[in-house]
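Note that chain A is present in both complexes that follow, paired respectively with chain B and with chain C.
The block that comes next holds the complex of A and B.
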C-alpha cells in the first residue's frame, strides 16, 4: 500500500504526465462530440426524417407489413392454409398475426411460413420459435392456426389441417380488449453491398412477396365486420417498402402482397439508426495518449537511472510493478469513466439534434459500455507500462504497444470480414466487443460484421482477451524486472 | 562482503572483491575507472546480482531488509532524478515507500540546505544541488549505514567543505560511512580508512595513517598501488 502511495506521488508530481492523462480524458470527450456531430442525417422526403419505432421490449424495431384483418373482441381461433408463397427473400413471411393495435411497435404474436426458413412462431419482434421440421419433400401447403385466450396467443402448425403441432405461446401486452387478427405478408429489404477498406457502398432495396391464403376459418368472439386490407407501418420511410395489396382470386383464395419486416432493427449500413458506441469515438485518441503515458511511467525511470533509487527503496520488485500498474491503471480508469460518461451524455444530445436515430439501450448496457470502454483504455495503459519495463526504452515500447493495440483497431475497419473477425478474436482490440449493444438475431439476415458493430466475441469475453494480454505482459515484465540487473 | 565476482559479457567487473567497512569512521573507496567501485555498491544494494560471493549489510542481505532506507542510505547517481519533479516530491515518494513521515522530508531538506529550492523542478538544479538532494535522500531513513558514490562531483568549495564535515559528523555518531571518490585530496582530508580497488578486487585496505606513513600523500599511494591496474593512462603519467 505504501508503494502504491509512493507511485501515486510519482505520477502526480510530474506535471507533464498528469496533464497528458487529463488531456486524454478531455480529448476523449471533444473528439467523441465532434465525431457525433459528424453523423448528421439528411432526409429529402416530404415527411422529413423518420422517427424510431420502439417495440414493447424497448428495442428499436421494424414494423411494416400488409395485413388483412378483423377486430377480435374476446377469445377466438383463426385457421388458414398458406397455399403458396413467392418471394426472393428467405425471410419473406406469410401467416396469421394477432396484434394489440396496428400502431407501429405494438405487441403481437404471429405464426407464419418463412420462404426459406419453414414454419415459425414469432412475437414482440425479438422472439422467434422454430416450428416442426419439414419432412423430406416438404409440402407445398402449410396449415397455420392462432388461438387467443385472454391475453395469451398460441401458435400451431399442421401439414394436413387435421394433425396440429403447438409451436409456442406468447402473452401480449396491452391486448386485454379488442385486438386485430388476420393474415399478413411481408418481405425484408435486400442489401446489395460492396465492402471497401473503411467504407461499405451499395444500395438497400425493398422487396415484395406474394402469398395465397385459402380455407380461412374464424371461431370465437368476432364482432360483425368485414375483412379489411391495410398497409401497416410508420408513415415515414424508415424502412424501404414497395406498395403491397390484396385481392380475391377466382378460386376463392386470398392473395396478399406485402413488403417490409416485423423484426428487431439492426445496426450498421443495413440499419437506419446508430448505436450508443457512436458517442464514444474519441476513446481512440485517449487510447493513444494513455499508451504514451503508461510507457513513459516506466521508461523515464530507466532513462534517468531512477529505477535504481526505486528498487533500492523497494527491493521486492514485483511490488513496484504491481504498484505502478495499480496507479496508472486506476487513475486512467477513473478519469476515463468520467470522460466516457460525459461523452455518452453529450454525444446522445448531438446525435438526436442531428436527427440521427439513436437505438435505445438499457441502463445496464449503457453502464457496461461506459465502464468497459474506460476499462479497455486503462488496461491498455497497464499493457503499455509493462512493455515499458520489458523494453526499458520509450521508442521500442511505444512502437510495440501501438502495433499491438492501436494498429488492429484501424486494420479491422479496412480488412475483409474474415480477417477482421480474426483480428477481433486474437488481438487486444477484441475488447471493443464491450461496446456492442445490439444482439445478433437469426431471424434478420444481414452482415453481422465488425464494421456494422457486431463483434465475433461476447462483450466480456472480448474484454477478457485484452486482460489476458495485460496479465501476460505484466508477468513477463515482472520476470525480467526480477532477474535483470537494475 | 566477500568474494564478489561479476561479469558483464566477457569483461570481469568484480573479480573477488572482498572488504569490510567499519562503523564510526569514514572509509574512502578509491580506484581507477573500471575498478568495480560502482558495481560493488550496486551489488551491496541488491540492484545487481553477483555471479559469486555475497554482500551483507549489518549482517543481512539488502534484499531481505524491511524498510531498507532505514538501514542503508545510498547515493549512486545524483543525476537519477525526474527533471519535472521537485526535490520535495522526490523525497516524499521515497519517504512513502518506507513509511517515513513528511516531517522527516522537511528535516533533511533543511539539513542539506535545499529548503528554499525544495518546490522547484529538479531539472533546473545545478549538479551541486543534485548532490545535496542525493545526500538528503540517503539520510531520509536516518540509516546507520551510508554508501555514497562520488558525492563531491560538481560541488562548489563551500559545498565540499559542508559535505566533508557532514560525513565526518555522521561517522562520529557511530555510523558506517563509505565514500567512493576520484578526488584524492578530498579523501585524504576526510577519510580515516581507505579501500583501494583495481580490476575488480581490493589492492589495499588500510588506515589512512598507514598509507600516508608509507607514501607521503594518498595521491602518491594511489598512483603507486594502481600502476598496473588502470585501463587507460596517458603516456608518462605513470
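The block that comes next holds the complex of A and C.
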C-alpha cells in the first residue's frame, strides 16, 4: 500500500504530468464536441429533415412499404397465394401483414415470400423466423396465412393451399382493438459499392419489387370496407424509395409494387443515422496524451536516476511496477470515465441540435461504451508505462504505443474487408469493438464491415485482446526490470 | 550572409551526422515503410480486383515511416535542449533565424532523402507503375512532417511531449476530423 502511495505522490507532484492528464480529459470532451458538431446534417428537401423511426423494441427501424389493407376489428384469418414476385433484391418481400397502425414504427407481424430467402415470418422489425424449406423438385410454398387471435398473430405457409405449416407467432403491442391487415410488397435499397484504399465509392439506390396476389380469402370480424392501397413510410427521404402502387389485373389477381424495407436500421454508409460512439471521437486525442504520461512515469525515473532511489526504497521490483500500473491506470480510468460520460451527454445534445439521426441505445450499452472507452485509454496508459520500462527511452516507447494502437485503425481503411477484419482481431485496436452498439441482423443484407462500424469481435472480447497485450508488456517489463541493473 | 548560412548548415549537418540515433531513425523509416507497403500491396492484390489506385497502396508504408521521420526531426532539436548543447549552438550562430533555418534545412533534407528511398524502394519492390499525383502528394506530406516536427521541437523542447504532440497530429487528428 505504501508503494502505491509513493507512486501516487510522484504522479501528482510533477506538475507537468498532472496538467497533461487533466488536459487529456479536457481534450477528450472538447474534441468530441467539435467532432460531433462537424456532423451537421443538411436538409434540402421540401419535407425537411428526416425523422428517426423507432420500433416497439426501442431500436431505430426502417418502415416503408406498399400496403393494400382493410381494418380488422376482432379475430380473423387472411389467406392469399403469392403467384409471382419479381424483384432484383434477395430481400424483396411480398406477403401478408397485420399491424397496430400504419404509422411508421408500429408493432406488426408478417408472413412473406422473400425473393431469395424463401418464406419468412417476421415481427417487430428485429425478429425473423425462417419458414419450411422448399423440397427440391416440388412446387415452392407460395400460400400464406395470418391468423389473429386477440393480440397474438400466427403465420402459416403452404405449398398447395390445403396442408399448412405453422412458422411462428408474435404478440403485438398496442394491437388490442382495430388493426390493419392486408397484403404488402417492399424492396430494400441496393448498395453498389466498391472498396478502394481509404474510400468506398458507389451509390445506394432504391429498388422496386412487383408481386401478384390471388385467391384472397378473409374470414372473421372484418367491418364492411373496401381494400385500399397506400404507401406506408415517413414523409421524408430517410430511406431511398421508388413510387409504388397497386392495380387489379384481368385475371382477378392483385398486383402490388413496393419499395423500402420493414427491418432494423443499420450503420455505416447504408444507414441514415449516427451511433453514439460518434460522441467520443476525442478519445483518440486523450489516448496520445495519456500514452505520453504513462511512458514518462517510467522513463523520467531512468533519466534522472530516481529509479535507483525507488528501487532502494522498495527492493521488490515487481511491486514497484505493479504500484505504478495501479496508480497510472486507476487515475487515468477515473478521469476518463468522467470525461467520456460528459462527452456522451454533450455530444448527444450537439448531434440532436444538428438534426442528426442519433440511433437510440440502451442505458446498459451506453454505460458499456463509456466505461469501455475509459478502460481502453487506461490500459493504453499501462501499456505505455510498461513500454517505458522496457525501452527506458520516451521516444521509442511513445512511438511503439501510438503506432500499435492507432496505426491499425488508420490502416484498416486502406485494406480490403478480409484483411481489415483480421487486423481488428489481432492488434490492440481490436478494443474499439467496445464502442459498437448496433447488432448484426441477417435479414438486412449490408456489408457488416469495420468501415461501417461493425467489428469482427464482440465488444468485451475485443477489449480482452488489448488487455492481453497489456498483461504481456507488463510481464516483459517486470522480467526486464528484475534482470537489468537500474 | 550567404557564407554564414552555409557554415551554419555545415555545423548542423555535422551534429546530425554524428548522432547515432539519426541513422537509426532513418533506417527504421525506410525499412518499416517498405515493409508495410509490401504487406498492404500483397493483401490488397489478394482482396481487391483491378480498378483501384495501386500507387496509394504502394505508398501506404509512409503511414508508418512518417513516425520515425518525425521522431528524428524532433530528436535533433529537443536533444540540444536536453543536453544543453543549445547554448553552444546559439553562441556559435548568434542569429537565431539563421540557426533555425539551417536546422530545418538539414531536417528537411534528411527526411526527404529517407522518404525518397522509401517511396522508390516500395514502388520498385511492389512493381507499381507510379501515379505522379499520388507521388507528389506523398512528397508534400513528407515535407509537412519535417516542418511539423521541427516546429513542435522548438516549441515544446521536451522530447517526450514533442513526440506525443507530433504523433498526435499525424495519427489522431485525421481520425478526429474524419467525416464518418
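Convention: the second predicted complex is superposed on the first by the 478 of 486 C-alpha atoms of A that agree within 3 Å, B and C clash if a C-alpha of one lies under 4 Å from a C-alpha of the other, contacts with A are read in each partner's own complex, and residues count from 1 in each chain.
One rule holds for everything that comes next: contacts are C-beta pairs under 8 Å (C-beta built on N, C-alpha and C of every residue); 3 or more make two chains touch, one makes a residue touch a chain.
For clarity, every value in this text was computed on a predicted model and none was experimentally measured.
Peer 1: Regarding the shared-chain residue A:13, is it in contact with chain B (first), chain C (second), both, or neither?
Peer 2: Only chain B; A:13 stays clear of chain C.
Peer 1: Touching A:292, do we find chain B (first), chain C (second), both, or neither?
Peer 2: second
Peer 1: Tell me which partner A:402 touches in the superposition: chain B (first), chain C (second), both or neither.
Peer 2: second
Peer 1: Applying the touch criterion given at the start, work out whether A:394 contacts chain B, chain C, both or neither, answering first, second, both or neither.
Peer 2: second
Peer 1: If you tally the residues of chain A touched by each partner, is the higher count for chain B or for chain C?
Peer 2: Looking at chain B versus chain C, the one contacting more residues of chain A is C.
Peer 1: Once the structures are superposed on A, label A:131 by its partner contacts, choosing first (chain B), second (chain C), both or neither.
Peer 2: neither
Peer 1: So, A:56: does it touch chain B (first), chain C (second), both, or neither?
Peer 2: neither
Peer 1: Touching A:95 in the superposition: chain B (first), chain C (second), both, neither?
Peer 2: Neither partner.
Peer 1: Intersection of chain A residues contacting chain B with those contacting chain C?
Peer 2: After superposing on chain A, chain A residues 16, 300 contact both chain B and chain C.
Peer 1: Please give the residue numbers of chain C that touch chain A in the complex, ascending.
Peer 2: 36, 40, 43-44, 46-48, 51-53, 56-57, 60, 63-64, 67-68, 71, 74-75, 159-161, 163-165, 167-168, 171-172, 174-177, 179-180
Peer 1: Could you list, by residue number, the parts of chain A that touch chain C in their complex?
Peer 2: Listed in rising order, the residues of chain A that touch chain C are 16, 20, 31, 34-35, 38-39, 194-198, 274, 278, 281-282, 284-285, 287-289, 291-292, 295-296, 299-300, 394-395, 398-399, 402-403, 406-407, 409-411, 414-419.
Peer 1: Where on chain B does chain A make contact in their complex?
Peer 2: On the chain B side, the touching residues are 42, 45-49, 62-65, 68-69, 74, 76-77, 79-86, 89-90, 92-94, 96-99, 137.
Peer 1: For the complex, which residues does chain A have touching chain B?
Peer 2: 2-3, 5-7, 9-10, 13-17, 300-301, 304-306, 308-309, 311-316, 483, 485-486
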